[in-house]
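In structure tokens below, several structures.
The following pair of complexes shares a single chain, subunit A, combined with subunit B in the former and subunit C in the latter.
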Partner chain A sequence: MSLAHDAHVTVRPTAAVQGSKLRGWPEIDNPAAWTVAAILLIMPLIANGFFLIEIFATALILGIMALSLMFLAGYGGMVSLMQLTIAGFSAYMVAVFGVSGNANISLGWPWWLAVPMALALATMFGTLGGALAVRTEGIYTIMITLAIGAAFYYFTNQNWAIFNGHTGINTVATPHFWGVNWRADIPYYYIVLAVAALCYFAVDYISRAPFGLALQGVRDNPRRMAALGFHVNAHRVAAYAFASFVAALAGVLQVWNYGQISPGSVSVAACIDILIIAVVGGITRPIGPFIGALIFVLLRTFALDFLVKLGLDGNRFRLLIGLGFLAIVFWSSDGVIGLWQSWRQRQRSGAVSSSGRRGRVSGRGSGQGSSHG
Partner chain B sequence: MDSVAQRLSAVGAGAALELRGVTRMFGALAALTDVTITVRPGERRAVLGSNGAGKTTLFNCITGDFPPSSGTIRFFGEDVTQFPPYERIRRGLRRTYQISALFPGLTVQDNVYLACRGVSRGRFSFLRPGQNDALMHAAENLVQAVHLMGVKDQHVAELAHGQQRQLEIALALAGAPRFVLFDEPAAGLSPTERAELIEILTSLPAHIGYIIIEHDMDVALRVVESVTMMHNGRIFKEGRPQEIESDPEVQELYLGGGHE
Partner chain C sequence: MTRFVERHPAWALIVIIAIAVALWLIFAVWPQGLEEAIGRKRVFLNAVFNGITLGGLYFLVASGFTLIFGLMRNVNLAHGSLYLFGGYVGYAISASTGSWILSFIVAFILTALVGVLLQVLVFRRMEGQDLRQTMVTIGLSIVFADLMLWACGGDFYQIQTPNWLIGPVELPLVTAIKSSGEPVYLRYPLVRLVIFAASVVIGVAMWLALNRTRIGMIIRAGVDDRDILAATGVRIQLVFVVVFALGAGLAGIAGVVGGTFQSLSPGEDIRFLLASLVVVIVGGMGSIPGAALGALIIGLAEQLGSVYIPTYAIVVTFLIMVLVLAIRPQGLLARR
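Presenting the complex of A and B:
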């Protein structure tokens, strides 16, 4: 058999092997990643306040929410439509425990108490929702999480004691300390960027840690995971807990961004937007949701002008998003990331065939040697 | 809770695996009827029988993939009938699947690493394994033991069938197995690959017992010391390989019938 499978190895395209090496972290050998990081860091020098907040900060916040979905769906095979709801819950809790214009509701805690409280409660909320959802598979998971999202939306609409009904909670205070107004455009952009980077690297790191690997095992074959000694549902619930915390962070940023939170922000349509963002960007790698969010925000912001120029109704910007969604799903099973990766692979296989085989060959050689033994 | 005396007597029984009156119904259909089997620690046994004889259902009951409808299952003296699969695995039971049940999105190394992690602590660890991680090394040794070092970093989806079957075995040997259930490990293997499989099975440490389901008599009878014949969900005959092979009833039912 050694002979048989060694022969097999040599005919394998090198691209696949190198692709798996690229999954390593940190991607310090990737110039594109460095360029993007540098551009994001000096963004305040390039972009005006509108672009900084309305485009980039907003895209990063939506990206974090979609990242929490990507973690569940891409690694865990669980499509949760309640990630925005968890973020919204967290946003509401910041408003309820912190300082806002609705003094009859808000408890007036300082932000450094209100925020941890909001994060803890939202994580708990998401974990409980997850504990319900993991009893189901596939489309039923989608239905349960969507039901939780819809229930929360209607509840906030009708509950006046805590959620202040359809008017929501307004003029939510944002943090001021060290003499800095952290809601001013530039400091706020950096806060959002820092949280987004933290979440991105955390997800990327965990994907190769035992917890993340086991989650991918649960995705690929839950029954076998149980037959390897894993408590599959406990793993799934833990994944919901982690994803809920990520979504909750985004919720805090969101309520600071708009200074208010109302049922409109947690509507069912908004829940589905998060799914669209994640799928358009691609759910196999954590960068996908951020790409999807940027595309979504750009379309939402500029499609209106674009459509009006074409003589169409500007409010039909969702039509453009829908068409883009269709096109991407049609041409790539893995969103923009998938398109990008297949393009890179074509480039690479072209380069490899012209320059001969390189890298990795020595490692494989030793492997072959041992398998002959 | 069991009394100390009960537990001691259970230990004294000394069986690795003890099934008593195990029955498994699927609706009105009895896939297993009143199966009673005792396997000693370190014993190697084949389960033979035509399709639908209940062999794989027997495995599923032992591992807890499907709980039995009635009867009890003891693993090294401990009653595991109500245990979920992962609790049985953590006690040293292992199995392979007739149709490879692997993780196609992960590399060969990660597949085996998960198997090692599943039977040790830190299943929920958020910390990546370092260069000197003991389980990483254990996984690498297992990959080597099943001759897959050459494809260690490849995704399982890209492996040839024979390689997937070997990986299937590696997953079942992670940690400290005490008893393994092999479900048709030779299915779809070439003659050379079968020879390698036989070598892997016969070179397992003596304390590891196993039950193997195998249609290929050449493989089955070379790697076991006892045989259980099943028919229509019941134990039909038990004995040494030579006795079973020469038994006229068995010839009639299985060995002869299988070739037509």
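Presenting the complex of A and C:
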């Protein structure tokens, strides 16, 4: 164990320099990524309103929430089940501070005041939850964050003064400015796309920035990082703060999408859905959650018709999701991305390329640590 | 106990004072001023008894959860599904045969069988991979929840209480003094008292089995160090299966209990999963006495909270969890 680590330290710095020269910005030389980006940009020309909002915008929003979980789980090694709760909290705050049909609760602030407030409060909420969760490790994190999520769900159900009980808050106003109704299908799609792209690149950037590298170091070996002088728990809490902000953004988009928020949208099952999305997509890179979200939304929307066509009961959508999730967990440790990659590798039948890539990734991961230490 | 007093004299004093105040509140006849301030004594006593009996139910669910976790490091998030499954089985048996006792036996056996199948078919294949096991239990809980929704629908079910347990009993606790001078005693449903007594008996039996028998010794050794235990020649896989069966069976029994004095419906699985999570976080993972203490605290907090601060009851439960995590992250009675 210690020998291997010492060997790494001596080898790594050169590999790190090479790695950073080879790949400065993500996927800039990848034609597939450019194609996907172009298709997403011209999507309003291809798809009608239903597909645009119900499939793509919804998938992107769920993808952002799952992205925040992926950031915590993939880079920080902390599986948090409360990401949807943070998003839901932010959505509730938008409804409470902004304009809605429940005038006795909503304060009626304009959106440009209510949204930053909601983002700040939700980030604070998530950071506090994270500060609690980092007091324990590994498997306990799941339990504590699940308990937080469930407690929030029951609290929104019981509390009428702020959260309006189980009916929730309805007809939440959406922004109109510069003469554009931003909830109309096409502008709204572009807002969601812009936020999703922003979050994606932010996560991708942070994963290479000193903070992200230190976080990955904390994930792999907390004691060693502590010995190197890093404040392990501070890094973890900071990761929670960033992930909470991402989730809070998704929450704002979600409440604008549906125009209402109720305890049903922060239920425990929904919290677990986010985990499913991230795991099915793959939690080692930022693109995974979006793929997972697209699969999830497509299944959720079309499973009913599909099952009925096969002559089965159409209401068994969750059974299908659960079985699919089980299959992914059983056969692939890295979701759909992992399956696709192993398939590609078999096609190329080149074990060399895979080992080369792995070396580069770990090289980048360590270079930072040794320069700090 | 004496060591605790020696090491934390201030805490010990606070605990003793709290116990004394609680005993006085339960046994004394409340003076007029107190009744005006916080309401009738009958309400308070009812909340306390509801809390204690609810704690008994939580203990039944959480003890299986904590037992499985302690030995196998497997956070079984499908534990709530086992609870609900046991409840539905119990309902089916008691509705068809009319026997309440039989429904316990069948529910225990069937859920234990499900537990054995889970351990043999699923968890044995991924031993040592904590996170993956937990993910699998999440997937299983979704599948089970949907299968049960399919089979039983979304209706509420309540298991029929047997005739010999229906009706209240009078307890020797004075709730008030009538103007004529004769005392009014507390009346409380017999079935809840019986169920609470049964959960105490089960808890004591489990404690005895763990601390006084050979299999209990093996299980405790496994909790401490699984690898060394396997190296000494114990058939550890068999121990795992037995413990998983016992833990699952306890969840099944708890399902029948919960179906008798509350009701069964989709969503109860998650409620009881949450309850057992909070109970074991408060009490300490893998500790049976910890589960008992945690269940008592959470049950009381929930019931007293729902009487005195109705819209914030869940927050009280949650605050207790936060407080424990802040002061003693490993749980109140955990050894490590």
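Simple rule for what comes next: the second predicted complex is superposed on the first by the 322 of 373 C-alpha atoms of A that agree within 3 Å, B and C clash if a C-alpha of one lies under 4 Å from a C-alpha of the other, contacts with A are read in each partner's own complex, and residues count from 1 in each chain.
Just so we're on the same page, a residue touches a chain if its C-beta (ideal position, glycine included) is under 8 Å from a C-beta of that chain, and two chains touch if they have at least 3 such contacts.
Every value quoted in this text rests on a predicted model; they were computed, and no experiment measured them.
When both complexes are overlaid on chain A, the residue A:G322 reaches subunit C alone and has no touch with subunit B.
Looking at the shared chain after the overlay, A:R346 reaches neither subunit B nor subunit C. Of the two partner chains placed around the shared chain by superposition, subunit B is the only one that A:D220 touches, whereas subunit C remains out of contact.
In the superposition on chain A, contact of A:A269 is made with subunit C only, not with subunit B.
Within the superposed three-chain model, A:H176 lies out of touch with both subunit B and subunit C [touch as defined at top]. In the superposition on chain A, contact of A:H166 is made with neither subunit B nor subunit C. After overlaying the two complexes on the shared chain, residue contacts for A:H235 are found with subunit B alone; subunit C is out of touch.
Applying the stated touch rule to the two superposed structures, the subunit B and subunit C interfaces on subunit A have no residue in common. Considering their complex, residues 63, 65, 84-86, 89-90, 94-95, 97, 101-107, 110-111, 113-115, 117-119, 122-129, 144, 147-155, 158, 160, 162-163, 166, 171, 174-175, 190, 192-193, 196 of subunit B touch subunit A.
Those residues of subunit A that touch subunit C in the shared complex are 79, 132, 135-136, 138-140, 142-144, 146-148, 150-151, 154-155, 158-161, 268-269, 272, 275-276, 279, 313, 315-316, 318-319, 321-323, 325-326, 329-330, 333.
On subunit A, the positions that touch subunit B within their shared complex are 1-2, 4-6, 8-9, 12, 16-17, 20-21, 205-206, 208-211, 213-214, 216-217, 219-221, 223-232, 235, 238, 364, 366-368, 370-371.
Those residues of subunit C whose C-beta lies close enough to touch subunit A in the complex are 73, 75, 77, 130-132, 134-136, 138-140, 142-143, 145-147, 150, 270, 274, 277-278, 280-281, 285, 310-315, 317-318, 321-322, 325-326, 329-330.
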